[in-house]
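When the chains are written out, they are named A, B, C and D in that same order, and each has its own residue count from 1.
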Amino acid sequence: MSKLRVLVNGAKGRMGRETARAVRAEGDLELVGEADLGDDLAAAIRSAAAQVVVDFTHPDAAAGNTETILKSGGCPVVGTTGFRMEDIERLQAISQELRRGGLIAPNFAIGAVLLMKFAAEAARFFPDVEVIELHHERKVDAPSGTALKTIEMIRSALDSGGSGNAPAERPREKETVSGARGGRYLGIPVHSIRLPGYVAHQEVQFGAPGQILTLRHDAPSRACFMPGVLFAVRKVVALERLYYGLDAILDL
Amino acid sequence: MSKLRVLVNGAKGRMGRETARAVRAEGDLELVGEADLGDDLAAAIRSAAAQVVVDFTHPDAAAGNTETILKSGGCPVVGTTGFRMEDIERLQAISQELRRGGLIAPNFAIGAVLLMKFAAEAARFFPDVEVIELHHERKVDAPSGTALKTIEMIRSALDSGGSGNAPAERPREKETVSGARGGRYLGIPVHSIRLPGYVAHQEVQFGAPGQILTLRHDAPSRACFMPGVLFAVRKVVALERLYYGLDAILDL
Amino acid sequence: MSKLRVLVNGAKGRMGRETARAVRAEGDLELVGEADLGDDLAAAIRSAAAQVVVDFTHPDAAAGNTETILKSGGCPVVGTTGFRMEDIERLQAISQELRRGGLIAPNFAIGAVLLMKFAAEAARFFPDVEVIELHHERKVDAPSGTALKTIEMIRSALDSGGSGNAPAERPREKETVSGARGGRYLGIPVHSIRLPGYVAHQEVQFGAPGQILTLRHDAPSRACFMPGVLFAVRKVVALERLYYGLDAILDL
Amino acid sequence: MSKLRVLVNGAKGRMGRETARAVRAEGDLELVGEADLGDDLAAAIRSAAAQVVVDFTHPDAAAGNTETILKSGGCPVVGTTGFRMEDIERLQAISQELRRGGLIAPNFAIGAVLLMKFAAEAARFFPDVEVIELHHERKVDAPSGTALKTIEMIRSALDSGGSGNAPAERPREKETVSGARGGRYLGIPVHSIRLPGYVAHQEVQFGAPGQILTLRHDAPSRACFMPGVLFAVRKVVALERLYYGLDAILDL
């Protein structure tokens, strides 16, 4: 059986390098090219006859790259946060027209993706929920993209669960130190911890009288992303749509 | 609409008392009787015209009680660990003949039941798993019934996942203090902590290169069981079979 | 040996009731009286010849009560948050003049007090620290009094450790959801979680390259306060000053 | 001021390489040599005029190396578990005669060392305690050396606290899965978790009615050892004895 032809874009970045190494280590995959900022991506894809293009570049470039990949004959596997909804919809339209599969995923850690899925399911029974994410001290933005995505999934599960599942109102709550109760995104409290020693961690806590359910994911090294990236690389060639989120293709 | 007629057996025990109180507090339920060890359960059910009988008695009595409830016209909701497989099968046969619904559940804490369900699902992707359960120091048996049930569900998920998901063999492992690596049930390590200050807690930890996924349930008070008991009371009247485990009826 | 004569003020409140029960159960203590809002506290102390008066009333009344207790011949053991610094100093002056011992303690859980002590000690080596406190959903104020006290002790340890131990500056930090990074008290981030199922919990996390040190205290029931209250009741009669904080008398 | 002259033995191993790199990065230290298995250590120390020799080799070689270092004029900083008590005593005698400082430490992570110290202190108030250590799946022995040391310190604190602090007896405890209650070292339960994704982690849990105190250290990378190694390198030259354990020199 011929090997799946994979090109890595952003090959000089940390995630790109890890991906190139991981692809080389797999018997059924072939690394046919590496590109980076400044290269002609379309030409690279065509000359290498790449079937799948993994893109770990920059939020600003990612939408343009995804379009280039689709139009140059590759199936994109794009790992970047910060896509705007209208970009995703436009790219999905292009993909659908070309009947070419692809994936844009803010998070390739299967454990993190399962956590989000479980969180959405638990919210049906536990409307009172808070999210804590813990990252290294050099992370600039708070909360993390994963936390925002998690909350969006919880919110959506709460809303479809009917009015019986609304989180309790707490009108009298009073902060004596401003910000102590965290931020609120879609009505759900979110707390960002930043300490050296952490890498990427997230905890979702559900409370009900007499019980607490906690879901936690710790990702102390970037090794955690490769199983998800390789899963996606093999899956996209069999798809005919561009999906958003690793969870969307886990059960396909 | 007429209220659902509920009788509590084992009404003098802690769980029975809590159930009686919880039933009284619900607008759509009516507490029509309370029975206890030494009472004629069948007569109590018939004279009260009970539709649902909640039984929190003793493992030795539970199988007999379940049969009595079914044959006296009630739908049993039985909360006891320690049923033998052959008892459950015999009771399911009786229930099926009578087309009468019921539930035997070792655990009514919805959070604990969700944890088990999530654990089974996560095991498909994370074959390396250990279970830690933490209880008060007066608990005599180790591991807990919930831990055994959790492991049975994980084992079953691992086995149906194909050989690719076998947990890593670790032939060289060496205990310098006997028992340090915990017990093994169905090949999965289990660790029991016993300390005053704990009530009923369980943690399932999944590991893979670069990531850990942790599912934890804390049940610091018996209040945590009532939502599950009430959910079951309302559900069994619409069923035609006897189920085992709250999870079996969550999505019905 | 004659028993130590103890009076409980605020005897109808939850903490007062627990204290009265705990005092009755101890062989070397005698419960000589119970008072409450509206009673003449000075008269009650004198007529009962109380040696120690435990006061669990209300922040607004606590300073006045403490003065009354001292001047009526009792050693106060006062469990209330919210004392103003000038009140404490004034009461300490009165106590010193009378050479009568006493304790004002915002927290009688020995575990919580040890946590604070350890946190202050760890801060000498780990300047990067964040505090998370988790309480039931009916708690109105955030952060908790214990969290504020903990941070004060950490801050003091950091400041006495010299400039080499300043926490890293993070000028570029950016909140996309306002409040996500928590509150800052004395420069230290603090995060308050509020969920049903929690009672009173606190976690202090220290980070350094490659390591995290976590100190956590869970107090799922009020039973946790009694060992500290009884410890204080027996200790204050041998003191000649009014102390603030259970930690101040642990090693005396 | 002249720099402190440091030689690294075991320089090709992981810890040795990290140490060499860390020493090079410090302005007040000079890396004057690197030795390894097969080299003449005594000659290397003398020709380099090393003042401090850091040894990360192998348990079997460590005692001999420490003697060689002392007798060749260096202050040893040795990081290895598995020293026999009689070796340590013999080496301490040599050190005392030469009035040359040194340190043998099974653990250089300051967080882990603080955890042990805090655990010993907490045991005075909380006699009921269990230890959980969590490591990667390639670790052969269980429990970890750090867990054994921690338990020795807790045991010693319990014993000096008098009979009032004995952990509760639990004669009726029954394991239905052998080993579930963990191992017992010096009477204290110890549990070893082994999963990919972990590096080196330890948790000590203290329980009392209504409260749990948890001390946890996570060391996801070897970077966590360097602050302790460098602290020891600078400290030993001012000592006149050979100490065992980083904690022994923290407050000197």
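By our rule, a residue touches a chain if its C-beta (ideal position, glycine included) is under 8 Å from a C-beta of that chain, and two chains touch if they have at least 3 such contacts.
Bear in mind that the values here come from a model prediction, so they are computed numbers and not experimental data.
At the interface between chain A and chain D, over half of the residue numbers appear on both sides, which makes the contact a same-residue one.
Between C-D and B-C, more C-beta contact pairs join the chains of C-D. Distances between chain centres, each the mean of the C-alpha atoms, put D farthest from chain B.
With centres defined as mean CA coordinates, chain C is found 44 Å away from chain A. Spacing of chain B relative to chain C, judged by their CA centroids, is 40 angstrom.
Mean C-alpha positions place chain C and chain D at a centre distance of 35 Å.
Of all residues in chain B, those that touch two or more other chains are 197, 206, 208-212, 218, 220-221, 224. Chain A makes touch with chain C in their complex at residues 128-130, 132, 134, 137, 140-143, 148, 168, 170, 172-185, 189-198, 205-212.
Of all residues in chain C, those touching chain B in their complex are 197, 199, 218, 220-221, 224. If you check the complex, the residues on chain A that touch chain B are 109-112, 114-115, 118, 121-122, 125-126, 206, 208-225, 227.
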